[in-house]
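Think of it as A, B and C in the order they're written, each chain with its own count starting at 1.
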Amino acid sequence: MPLLEVNNLTKRFGGLVANDRINIEIEEGEIVGLIGPNGAGKTTLFNCIAGFYTPDEGSVCFAGEEITGFPPERVCKRGIARTFQLVRVFKGMTVLDNVMVGAFSRIPDADGAREKALEVLEFVGELENKDLLAGGLTVAHKKRVEMARALATDPRLLMLDEAIAGLNPKETEEAVELIGEIRRKGITIFLVEHVMSVIMPISDRIIVLDYGKIIAEGLPQEIATNEKVIKAYLGERYRAAS
Amino acid sequence: MLSQLLISGFLMGLIFSLVAVGLTLIWGVVEIVNFAHGAFLMLGMYATYWLYRLLSIDPLFALPICTILLFFVGIVTYRLMIRRVLTAPMVAQIFSTFGLMVFLENMAHFLWSSDYRLIKEPLVHGRLEVFGLFISKPQLVAAAGAMVATGLVYWFVTRTQTGRALQATAEDKEAAALMGINSDRMFALAWGIGGACAGAAGVLLANFYFIFPKVGDIFNLTAFVVVALGGFGSIPGAFIAGIIIGLVQVLGGHLVAPAFKSVIVFIIYLVVVIARPQGLFGKF
Amino acid sequence: MTDTLRQRLIRQRLPWPAIVAGGLVGLFILAFPFLFTRPFPQHLMILIFLYGVLGQAWNLLGGYAGQVSFGHAIFFGIGAYTSTILLSRWNVNPWLGMLAGAAVAVLVSIIIGYPCFRLRGHYFAIATIAAGEIIRLIFVNWDWIGGARGLFVPMLDESLLNFQFHTTKAPYYYIALTLLVASILVTRWVERSRPGYYLMAIREDTDAARSVGVDATRYKLFAMIISAFFAALGGTLYAQYLLYIDPDSVLPLALSVRICLIPVLGGTGTLWGPLIGAAILIPMAEFTRVYLGGGGGGIHLAVYGALIMLIAVFEPGGIMSLVKRFRKRRT
């Protein structure tokens, strides 16, 4: 049984079909990449799975149970955590407090949540910043804090919306390493990236979205040579390689 | 009796429209609610009153003067205050214009006392009789003026180069900036036009309405309702919703009890924002 | 956040002077009615405590959870009216009336909060104005509860049980102080436990908070309920203290504004902000009223307005953020 199962999911905005009959299965322990040109409907799909949008048709099942239309907080309790495309930390709170908010979803008392948060902060390598205000960090640090906040909820599935985009080469390397470590903890990862080159080496499998539809699915090397994919990316002025 | 009420509700509604157009424009472009909008209207009324009392300028001729005056009040408000809270937490934005309202109203109270004032003999006065219905001439002039002003704003926003730039800024700041539109100037302009709308409405009202420091409150609250009903940022929406609210007020006052006419209007606000947050119409 | 700051302060500074100073301030506050026996200073302190409670009530919802309410007079007024009506109609003891008032206020807060919490930011703030005005207009036109004329609280014998004192203000002082301490303790508890973290997360970014399991509506309601509860207790205290209430004194928009201004000045989302705000604003308002006579010609309210603007523009964190910055510079 797959961990996440998206069946025939459709989401429309007015006349625009942002997601058109999407079918996805993700097995426990996998790293699955979702790519596609700008406006292909990647973030919309994330929002439908995470409960921020209610799909117009179709269903989302997680660990064998239907979660379609659940509000985000319930989706989180089931074991799906996410980050946002434009990083969204709690700016006016410290790094530690940010992550504690995540930890509170499993641990009701403050001391326990603090302990858990410190543990996660150490794991992502942000422990030394724990007392700084999250709003004052650089984007790379914010992204890691956001990831720590999501990890503190003890997810089975972590959805990363452009966790790498906008980072410099060194930061990218660190982020890729971190994603690998998260997977080693047994957490399944579903990640969105706009730029193909960063997602290829870390994903077990890639799904390509264009105009709301899945146009290709397969191993990274298959995708890299898939003509439809190349066309979709070329059509958008960006080259597949960039 | 009923048609008499409907006429006066309709005429008042046109003024609500004009006040709301200014509010909705600022809201749509700058994404800040101007709690001081009613206070701008009050300033327009007092300016008209003092021009009349001290310089014997009739409200009709005061119209351009006060409109321009309030245009600059809007711009100054933006330049001195709003610009500094654009990226501030929303709470700070709310309190900045709310503080401005409290400040202006109470300064007016302090400077000009809380007395109710009235312009006693404006150029336009008396009433018309049409098919047995009485229509107050100042109210008719005010309603016509408000309609023209609303039309002008709409024309400006949809038909002129600058107006389109304003619209583009409202749609998407970053995209507008890429097209070379200076959003800072557009914001200032939105505040200027917003202030001018409130000012013009103030002048038109001053012809027949009591003038006192808190006169703006009720227009302010009504304008919020109109904006919500018409859809935040929509000028045609505000125009139609203003008339609807004007009619609802007189009808509600007539059918339920005069004391409850604002209660009905506020209930409409709550119902609209909770049940249909996008209002009855779209943006622009 | 303040947690670690405070711990650090306790650890780094010499604890003795701090404890002694705190103890002295505590003693001074407890002994105040004996040191200052004239009515005016006591009256001033009672008002500071009362507004401290109201400000703290607002702070839980507006400061921690970031839901700006311009309608808190609703709960204050409901507290005042409930106990007064129960007492004058059915001779219900004011203490019971106080609890009943709080219960009614909590109920009303749920009725208002549940639908309105779907609104965000400005829309919510305006909705609270609308709700406040609806309730005020209903009270003004409702003859059974005195309408615009208001209600006199029936005179009872002076005793703690009756919640009335005619020869001295000191008992009111201690009751107000108790309420204030209770409101601060509850806020402190909230601040340091899960609800407090959740409320701040909701304020900072509601969607992000929901994505990590925060049931935003539920926690906003939680804040609203505690907030309404304390505001209503303050309302009964006010009614029993002044023995006369009318819609203009316990329900106007201006009161709601004053209530939110206090934590805004002192520092929203901080434990001591509301008390600091009350300790500055209330004496200022009382003195301008005394010295500028009667209505004060609106000048003190104009100063209020200017203050709100200046704080919003230059120091959105209020006085507490000035204090924090000052501390940081010294350590």
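Please note the rule applied: a residue touches a chain if its C-beta (ideal position, glycine included) is under 8 Å from a C-beta of that chain, and two chains touch if they have at least 3 such contacts.
None of the values given here were measured: they were computed from a predicted structure.
Peer 1: Looking at which chains touch which, would you call it a line, ring, star, complete or other?
Peer 2: line
Peer 1: Mind naming the chain pair that shares the most C-beta pairs in contact?
Peer 2: Chains B-C share more contact pairs than any other pair.
Peer 1: Between chain A and chain B, what's the gap in Å when you average each chain's C-alpha atoms?
Peer 2: A distance of 46 Å separates the two centres.
Peer 1: Report the inter-centroid distance (CA atoms only) between chain B and chain C in whole Å.
Peer 2: 33
Peer 1: Would you pick out the residues of chain C that each touch at least 2 other chains?
Peer 2: There are none in chain C.
Peer 1: Tell me, which residues of chain A touch at least two other chains?
Peer 2: Correct list: 92.
Peer 1: For chain B, jot down the residues that touch at least 2 other chains.
Peer 2: In chain B, 89 touch at least two other chains.
Peer 1: Tell me, which parts of chain A touch chain C in their complex?
Peer 2: Result: residues 50-52, 71-73, 76-77, 81-82, 84, 88-94, 96-97, 100-102, 104-105, 108-110, 113, 131, 149-150, 152-153 of chain A touch chain C.
Peer 1: Which residues of chain C touch chain A in the complex?
Peer 2: 1, 4, 192-194, 197-198, 200-201, 203-205, 207-216
Peer 1: In the complex of these two chains, what residues of chain C are touching chain B?
Peer 2: Counting only chain C, the residues touching chain B are 62, 66, 68, 70, 115-116, 118-119, 121-123, 125-127, 129-131, 133-134, 137-138, 140-141, 253, 257, 264, 268, 295, 297-299, 301-302, 304-314, 316.
Peer 1: If we count contacts the way the header does, which residues on chain B are in touch with chain C in the complex?
Peer 2: Listed in rising order, the residues are 32-33, 81, 84-85, 88-96, 98-110, 113-114, 213, 217, 221, 224-225, 228, 257, 259-260, 262-263, 266-267, 269-270, 273-274, 277.
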